[in-house]
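First chain A sits with chain B, and in the next complex the same chain sits with chain C.
Then we have the complex of A and B:
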């Protein structure tokens, strides 16, 4: 009897302890969420701000200051209208075209590469993989200088940076095969063999059996390929080399901030541009989140 | 032990919180707000004292309880201790060591493994070259044998590629071979020969002025452009690639003749063109699939790297651009000497490089491990039993992954400028005076710390995702049995969770370390490498305190406005090569240290 009581007591104690620790965890989690979201909330608020000065007032309402003439808190769509009349729509279109083409072509290439390296055993397979590992150790930026010169010779740089950038992104995308290869490795080989015995060619095995099973990784590849160009800064800047019409959003928005005094309109326009860039990407991402999570975790586990 | 320390640390933090509260009321005078904060301060201080007292009690209790057990164990271990901690121990022996000794033993063995691992790596490379040499010798023998024993069709094929195929009825293959040979010969005569012959000098005649006869005006001095060093180097490299490819194809052509002869001799039929096409989607499907990706990698990754490695041995810059203003030429190891020199026109490149390399390594270390451990911690917090809304917490963090990094990085970088949001808040709250605004990006050490902290902000959601996936895969019965044995939460973490994570994510840690060494975006978009390092003002590019090697490289390639040197592409290449060497050496060492690299066939 006393033993039972004792264990009951212990149980109650544990419950109380876990309630305290859970409260602590909740506090930490709320604090984290605030820290993680604040910059983004700020961006959104700032994008609607009309007055060029006094940005903190919009976030931490200070009634005294807000009453002074010229410093009123005013929200409106001015920044978005200004954005529409600037070079931004052009940049957005550039980036969108790049992202769309890259998403399609890069996915095809990555899938070809990873499927082959996962399923076929040929003489050059291991050496190729090791070679690509070594290639990956060179800083990618090193090739920038020559790629720029070559693309310039081909007429695919400066004003025509968009096709040039597509070519650069797509061409070396075969190197990023790790994640999807890891996924293909988990599909049992016996499936292939069964189909082969039934007389299917290798191509039929790929298109009719493996690809339908690989839907998550296909979506993951498309998603990451589509999101990549939105954030690329280095190559886009180097290859467009000051030709404003050929910028992508990253280069364009950065060029606004680089010349900014924090009180100018460029800053609020940057925020508005950031919102317009982020919203579609975030929505797309949230819809396909499940696949992204699967891909990322799988990729890290298989190294 | 751990909870006691945690309590004491929390208790010690409370006075700091109270102090912060005190700081907020420097501005206004007596009011309800002040009274409230005063009360809060007292509450916080009391909590702090209580926490410390609890911590001490807890600590004393643990020590007394453990004391008895420890004394017993000490006697048993004394003997083992005499044996020595440096040699390989059996599992049973190892388990008997205490914590400190285990660490010493592991550390010493790890140290021993570094040279062993490196040596193994070098041996492997040596073996590779030995095998390659042997392979070439064998190939040559085989080619000779094919020639001597082959029939006349084979012998003609040595000169006219594909002749054997056509003569034996494999028209499609034969025509492809022949076509390649024709193209190759045409290319070599029209272009390849010139570029190849110019490769040793990279061009003889640069841009120069010439008197030109213009009808109706007379002789006029005009600038005439000569050779193009850039193109010579580029096409020279391409030509060499092409020649290697043709030699390989020629070898395939010889081999095919040999097999065709053997097949015909044994009375079987050769494959027709139709069979060949069919095998492209069947037996040879991998070649079809790989053709395009491999070509892309060869042209857009391998070729540029080879080219840029060669540039490191030239004086190619935006002034010696090879065509418009001046030719460039080979300079041997001159540029490597520059990077490792103490005094090049008043610039200490060795120190500059050393400083940046050191910071790059420090950055990569902190960026990798802070993210890693904090990411695991966050994942565990969310995974904790009894926490509700798990999906919401996760979604909030994951959402920040979706927002393109350049937006968040640029915005956060602006948040912390002198007149940015953060200082604005502090001023509005009356914590600091406008004149004392904190210069986050102008103070070297502060800028470095901020970069690391903001990188944590960027990286945690990603690591949280990965850690969540792995944590869920840890077999639950491990924890069950640990609980039955009475293991505390901390014990469970350090004995089960962490080792499991480290084992699974070892390779990932390595790639993320090297990835962070080359993490251009975070550094460049946050600080642009700044604040400027005044000591290194003469060096190529504008060297700053948060510059990584990779951002320095970028700055050099874009510093075209430098009046005397221009953009020193050759220095950028040298840095690129050195980055590669550092990354390769680290990878080699870590691969030596990792538990046996997993066998990929195990997964299938």
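Then we have the complex of A and C:
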């Protein structure tokens, strides 16, 4: 065998080996995604089940139905119609208002904060950043009891939980400056200086130069600001404290499963609620996914 | 077009580092002034104080007679070109140049006329619709200059604009800046660490070190009449040779005695020394590499030395030699004066005799490092 053939054979061998290892990796990845997706698929299927309406040990076919007629699984849109006629639209609206307002206000605060910490040098800048870092290490729930008292005294709890919750979510938003400050730090300062000499005010620098360059991080900030209140349960539950009209979706849906009897009646409707809750988030992510990934990794790589 | 006046300007940073001490300078209308010095000498800081990008700790900066200490950069009517170009990456070249005009709400047709005119002058018309990242370094710097040009500002500030370019392009852009200056006919302040740029561009050069002005003068003045050792060594390439030796006054004549040689000070320098009434003393003797020549063995001014490195620069040779006492010298010899045999003999380890002309020496005080003739 010539030298050339020998090296050719070696090359083929390496090619085969890499193909096998790729196949193994892909099989593992597919298995992982199946495991990951099964709960979602189950919820979607169950959201269309109208008989029975409770939790079951089966998904598509009831094994007992062969013996006892009338236990067959039936599918339809009843759960969604029941949802529409329940308190759910109210809760959905509450959550949407909270998440939207928080997304806007928090984004503005976070971006201003990040720009300030990235570009201005003032006394106590470093101590302030360290203080916020340490403060951020405490779980927010520590403040829950006192927050409830304060909000109740202000008339922003119970029935008025919606504005109260907006206040709670927005209040601490300045502390979430890390990621965007890191991103702003990678934008050369001389761009600011050039723009200021060109006649821009600080605000114009931020809006015309920095933000267009930081688009991924702006999107990332909006998304995280929206997602926080959208999925929150603990604060919403505590501050609305049993006032059904002031629930958000998480609290409202959970209230349907408060007892075993209720679970038996409401479980499939609960699943339908879950699907509806996921819809805007899925749409948001599908549209903005590209920026989201760039935003999370962009700052680190660019530096 | 405007004059710029800096009076007792001082910059102290938050960590109490003093970057600029008591800077005084009067820049006339339409003058091209270059701040030059090694890194950390405060030249950029001074420029940025004029621009309004650094706070002025003490003293005043006046543009056209108006104190601008507390004015924002945008209200000072200046234009600035940065070392790293500082082009807005998300805008096209056109938008970059038009940015300042749009902020001023200039009508679009006027903007169009100005931008295309500037682009034509700078030869970047065909790139107007490109983003900066699709341009080369030289083109980017042209865009940056264009952005400054359209503003019709009173003062044109340039902070090491050529430092990021390669050597060839730098030479070309240097020539273009000279042309630009003739065309714009406005006041320029230019910062560089490159003495060649300073010498070729400036009407006046401000040489700085550690936050202090070492000398202000025309290129000829700072080259021929350096006030102190720092200026003498900084201006001119390769740098001036300096050796500690004695100045001897003998029967109305002055001699220097470097490395065992005895060389008479001649010409204007001798008269100036006499005028100043300078007596025999220890000095630091300075001689520029181009003023050193190969000498005959029998010449009383000849110093015997050994060749260490011979750098062929094309039209000239840079010879690095050391004399018997260990002093190192750099000698510039035009290649045209040497025969082929002579050039062949110039190899490492060769023995040479060098001397220099008596009229081209500089004398510095070893303590204060001030020029005995021109130092203030």
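Definition applied: the second predicted complex is superposed on the first by the 274 of 303 C-alpha atoms of A that agree within 3 Å, B and C clash if a C-alpha of one lies under 4 Å from a C-alpha of the other, contacts with A are read in each partner's own complex, and residues count from 1 in each chain.
Quick note on the criterion: contacts are C-beta pairs under 8 Å (C-beta built on N, C-alpha and C of every residue); 3 or more make two chains touch, one makes a residue touch a chain.
As the structure is a prediction and not an experimental result, all values here were calculated from the model.
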Clash-or-fit label for the pair chain B, chain C on chain A: fit
Chain B versus chain C as contact partner of A:201, first or second or both or neither: both
Partner chain in contact with A:267 - chain B first, chain C second, else both or neither: first
Three-chain overlay, vertex chain A: chain B-chain C angle, C-alpha, nearest 10 degrees: 70
Residue contacts with chain A in the superposition, chain B compared against chain C: B
Contacts of A:39 with chain B and chain C, given as first, second, both or neither: first
Which of chain B and chain C A:23 touches, first, second, both or neither: neither
Touching partner for A:209 - first (chain B), second (chain C), both, neither: second
Touched partner set for A:193, first chain B, second chain C, both or neither: second
Distance of closest approach, chain C and chain B, by C-alpha atoms in Å: 7
Shared chain A surface residues [contacts with chain B and with chain C]: 188, 201
In the complex, chain C residues that touch chain A: 14, 51-53, 72-74, 78-80, 82-84, 86-90, 99-100, 103-104, 147, 151
Residues of chain A that touch chain C when the two form their complex: 121, 188, 190-191, 193-201, 204, 208-209, 212-213
Contact footprint of chain B on chain A as seen in their complex: 18, 21-22, 25-26, 28-29, 32-33, 35-37, 39-40, 42-43, 55-57, 59-60, 62, 109, 112-113, 115-116, 119-120, 122, 128, 132, 134-135, 137-147, 149-150, 167-168, 170-175, 182, 185-186, 188-189, 201-203, 206, 227, 230-231, 233-234, 238, 249-250, 253-254, 257, 260, 262-263, 267, 270-271, 274, 277-278, 281-282, 284-286, 289, 292-293, 296-298, 300-303
Contact set on chain B toward chain A in their complex: 230, 234, 278, 281-283, 285-286, 289-290, 292-294, 296-297, 299-305, 307-308, 311, 378, 381-382, 384-387, 393, 395-408, 410-412, 414-415, 417, 419-421, 424-425, 427-429, 457, 461-462, 465-466, 468-470, 473, 504-508, 511, 514, 518, 520-521, 524-525, 549-550, 553-554, 557-558, 569, 572-573, 576, 579-580, 583-584, 587, 598, 600, 603-604
